[in-house]
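For reference, the structures are reproduced in the following blocks.
Consider the two complexes below, in which chain A is the common component and chain B and chain C are the respective partners.
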Partner chain A sequence: MSYYLSTIAVYFGADLLAAWALNMQFGWAGVPNFAFIIFQAAGAYTYAAVTLGPDSGVNSFQHYILGANLPFPLPLLVAALAGGVVSLVVGLITLRRLRRDYQAAVFLLAAVIAIDVVSADVNLFNGSNGLAAVPQPVASLQNSLGLGAYQWVYAAFVALICVGALVLVRSLGRSGWQRALRAARDDEPGARALGLNPSILRLQVFVIGGMIAGLSGGLLVGFISAWSPGAWAYSETFAVLTGIILGGVSNDWGVLIGTFLIQIAFQEVTALFLPQIGYPGLTDALVWVVIGVLWLTVLFVRPRGILPEKRFRVLAVPRTRIWRGGR
Partner chain B sequence: MTLPATAHDVPRRAGGAVLEARDVRVRYGGVEAVAGASLTIEAPQVVGLIGPNGAGKSSLLAAIGGQVRTVSGTVLLAGEDVTRLPPHRRARLGIIRTFQSASVFDGLTVFENLLVAGIGEHGATLRAALLERRRAHARTEAASQLARSVLEEFELWHIADHYGRELSGGQRRLVEIARCLMRDPKLLLLDEPMVGVAPHLVERIGEHCKRICERGVAIVIVEHSMEVISSICDRVVVMASAQVIDDGSFDVVMTSGSVREAYLA
Partner chain C sequence: MSSTILLQSIGFGITTAAVVAIGAMGFTLQLGVTNLLNLSFGNVMTIGAFASLIAEHWHLGLAATIIAAPLAGALVTFVLARTLFALFARRQGGAFDLLMVTLATGLIIQYTIDALAHLQVFQFSFPSGSTLNIGPFVFTVLSLSLVGVAALVLAALLAVLHLTRIGKALRALSVDPKLARACGVPMRRMINLTWIISGALAGLAGLVYVTNSLTVDASAGLDFLVLVIAAAILGGAGSPVGAVVAALVVGIASEVVAAVGGSYYSQAAGLGILALVLVLRPASGVWSGPSRDEVTV
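And now, the complex of A and B:
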């Protein structure tokens, strides 16, 4: 049970990082980033490739680019960087000129194209088989502590990163930069007419979100030691989005609750306890159907989620506090 | 409460009018919306831009504000050529505008709507959010005080915490105009600000326009109501068929017959 709980804790931490990152892009900036999962995948693959060493010798059973053997925690930084670089490229193509509905279409296509390319090109990241035997960080610790304790240490490390990310997200969330993003989200011509440059603002939040996604991918693959196209189908982005919408768009704690309910309480628990019915894969498919229905239900019944975005108040607080944020 | 002094009195280049739009042409596909229109505003004044629907008024405004690209012609702000600048760069130089459909940020409160304009592009950078937090805080504090002053002057302070989406049509107009003031404009472009606004608010918006102009801000207002034009405009420019056909005081323009000609053409 302890093994299972620590595994769930790590998954939750990685999912939470992803959800906060997507919430910055979608909630603050209104970017319909249906390609989000490819930035997490970029981080995961890069982490694997820079820790596995060359694809020869013990690793000759798989093929991949980069092939380095960087010491921890450098692979995590490189993973974040990879997420940022890929999101910069995708963002430069998508965010500058396209209208939001076209952006959504391009993101969706980018996610589909990316997974097809990675699956088809065996020399990139070992094709559809993916990468395996990825070394876990500080393996010596695993030998001295044992697997169970090591997993909890890893979970604690992920939790620490989540706290750091929360501090960053909340700090940015109170800034003029975030307010400008929300303004550009609501009315782009209006924001431009006030001197703001929505294209740059969106690109910035897109890259920051991509970096956090890359980091979460790195943390995941460092834990599960394997990554393949099966782990990052485009539908995974919709699971993250459903958590955000259920919890409350633009509310950090709401996103935490929604992510827990969807990714852990629903997806993980159903994966463990639901009996497999019908033909193989039917139960998993039905889980996705339920996620879709849940998304629509939330939009109809409680469109602002469990914890709606906090209103910036100046009237209810003493005047001396007004200028300190008023939240 | 009166507004803090604005910085519109930035020294202009020698001989530079507040606005000089020369021979501006705007084309949408095969349609010429503005066919060589010129408009010069030498000193802060309220200029009414009138004409029938399709005359090219909003397109001329958009050409000045940078929302549409001009096919040819020049737009100078205080002597500086801004013709090739995108709208956000023109806004930073002092050309601020409103839109036919009131542009209010619906997901921001009224106070935040003003704050986002008051903090401006310098306070809205990622660098300021991450590395210059003390300076950003000071900027927010100054913008907050100005926002409060503006909201009190516009009698909107009591709805400061309302989201943009919770406002009535008239309130949205007032917030939009109030927000423009946070940017310290040199030239204010108002595109039909009285549309859908209750009569008592029309009067208030008109008074605000006159007061803003007295502070040294030039205003170009597109408006169909002659009553409004006559009460607040120092000068009237008439457009018809994509061209400027008359320019002068309200009385002169009305007696010249150009308005009748424009609307009956």
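And now, the complex of A and C:
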């Protein structure tokens, strides 16, 4: 039981990082990043590639492409960097003055194609079998503490990163930069008239979100020590997004609640505790059908989510001062 | 790469282009008239493919196998549009909000098929006929008839759009729905007709896709959607001729890339073309600015 709980805690932390990152892009900036999972996968694969080390001949089933074996905190940084770099490349192509629905289509198709190519090309990241035996960080700790305690230490570490991310997200959320993003989202010509450059703003938030996505991918692969195309189907983005929409787009605490309800209370708990019905894989397929139905239901019943986005009342303070003026 | 392989892949490319063109014509008609970027289009193609598969499995004969796909596609698209899309259009109405609805619909369709199909990949046998050598290219009777079907669809669509009153009404709707309505165009009937025609084309595209690829699973349509959307956007929304010309470009490019880099890169080529179109910005009406946000479903 303790083992399950620590596992779920780590998943929740990684999902939460992903959800906050996607919420920055989708909620604040209105970028319909339906390829979000690609950036998480980029972080995860990079983490694996820089920790697996040279081919020792033990696991001859996989290709070793970099042969690096970096010490603990570095792979996470490299993973975040990889997420950022892939975001920059994708963002430079897609974040032009393009209608939002076309952007959405391009992102969705990019996610579908990327997984097809990575699954089929064995030379890239071992194809559909994926990478296994990725070393966990500070393996010596695992030997001295035992697996159960090590999992909790890892969960605490993830929680620490989540707190850091929350501080970052909250402080960014109060900044003029975030208000500029929302202005560009709600009224692009108006934002342009104020001298803002929506394309640059969106590229910035896209890269920041991509880095957090890469970090969460690195944290996941460091924990489960394996990564394959099965972990990043294009639909995974929609699990994250359904959580965001359910909780409340552009509301950090709403995103937390929604992510917990969808990704943990629904997805993980059904995966871990529900008995498998029918043939293997039926439950998974049905879970996705339910997520699709939930998505439609939330859009219909409560499109602004459990905790709706707060409105800014920036003008209220200066105006009172002017009226009482003369001081 | 030797020139024989190049010529061969161009020959395959023409067949692929025919398959892409049928889907792209349906997609571009739907997008042009309703202004809704329907991302469940690919999943409707899968439904069409499976409908034909079932008809073939039950030995209903070749005619029933061929007719099952467009019939299923038209039926599913019409029902979805009149129930789900219409419901959300009444509440919110923005093009992007409805795109989110089509996305969830696609997700539900794909995984429902996955659950019903026991996650399997099915073989689809279709008589491909004898091989013919035409100039440097090698075709089968089947692939030539696919090209014929695409040409037939294009001719029929052009005739309807430019020679009949219905076509005039559809073109008017795609330019300015409000003005068209004010001029007495029976909007509801025309929109319904659009859903039925484009849905039938989606189903047909699913069928021709599997007659070409010979296997079908729940994600087949979505995988193929990239080539369809690339062709539809490259050709310009609402233009069947543009869709066919763009399908030729996309089809040949994808097969040449597949010959060089492995078959799994053929769809990546479609994505590359789509990205290139977006970067180079031809005047195809997809850029932000003065674009209408309302959808007419």
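Everything that follows uses one rule, which is that the second predicted complex is superposed on the first by the 304 of 327 C-alpha atoms of A that agree within 3 Å, B and C clash if a C-alpha of one lies under 4 Å from a C-alpha of the other, contacts with A are read in each partner's own complex, and residues count from 1 in each chain.
Just so we're on the same page, a contact is a pair of C-beta atoms (placed from the backbone, for glycine too) under 8 Å apart; a residue touches a chain by one contact, two chains touch by 3 or more.
Nothing here was measured: the structure is a model prediction, and the numbers come from that model.
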item	value
Which of chain B and chain C A:Ala180 touches, first, second, both or neither	first
First (chain B), second (chain C), both or neither touched by A:Asn197	first
Partner chain in contact with A:Phe273 - chain B first, chain C second, else both or neither	neither
Which superposed partner A:Ile113 touches (first chain B, second chain C, both, neither)	second
Which superposed partner A:Ser171 touches (first chain B, second chain C, both, neither)	first
Touching residues on chain C, where the partner in the complex is chain A	37, 39, 84, 87-88, 91-92, 95-97, 99-101, 103-105, 107-108, 110-112, 114-115, 118-119, 219, 222-223, 225-226, 229, 233, 262-265, 267-268, 270-271, 274-275, 278-279, 281, 286-289, 291
Interface residues, chain A side, partner chain B - complex	171-172, 175-180, 182-183, 185-187, 189-197, 201, 204, 208, 309, 311-316, 322-323
Chain C partner contacts - residues on chain A that touch it in the complex	32, 34, 93-94, 96-102, 104-106, 108-110, 112-113, 116-117, 119-121, 188, 235, 238, 279, 281-282, 285-286, 288-289, 291-293, 295-296, 299-300, 303
Sites on chain B touched by chain A in the complex	65, 67, 86-89, 91-92, 96-99, 103-109, 111-113, 115-117, 119-121, 123-126, 128-130, 133, 136, 139-141, 144-145, 148, 157-158, 160-161, 163-164, 179, 183
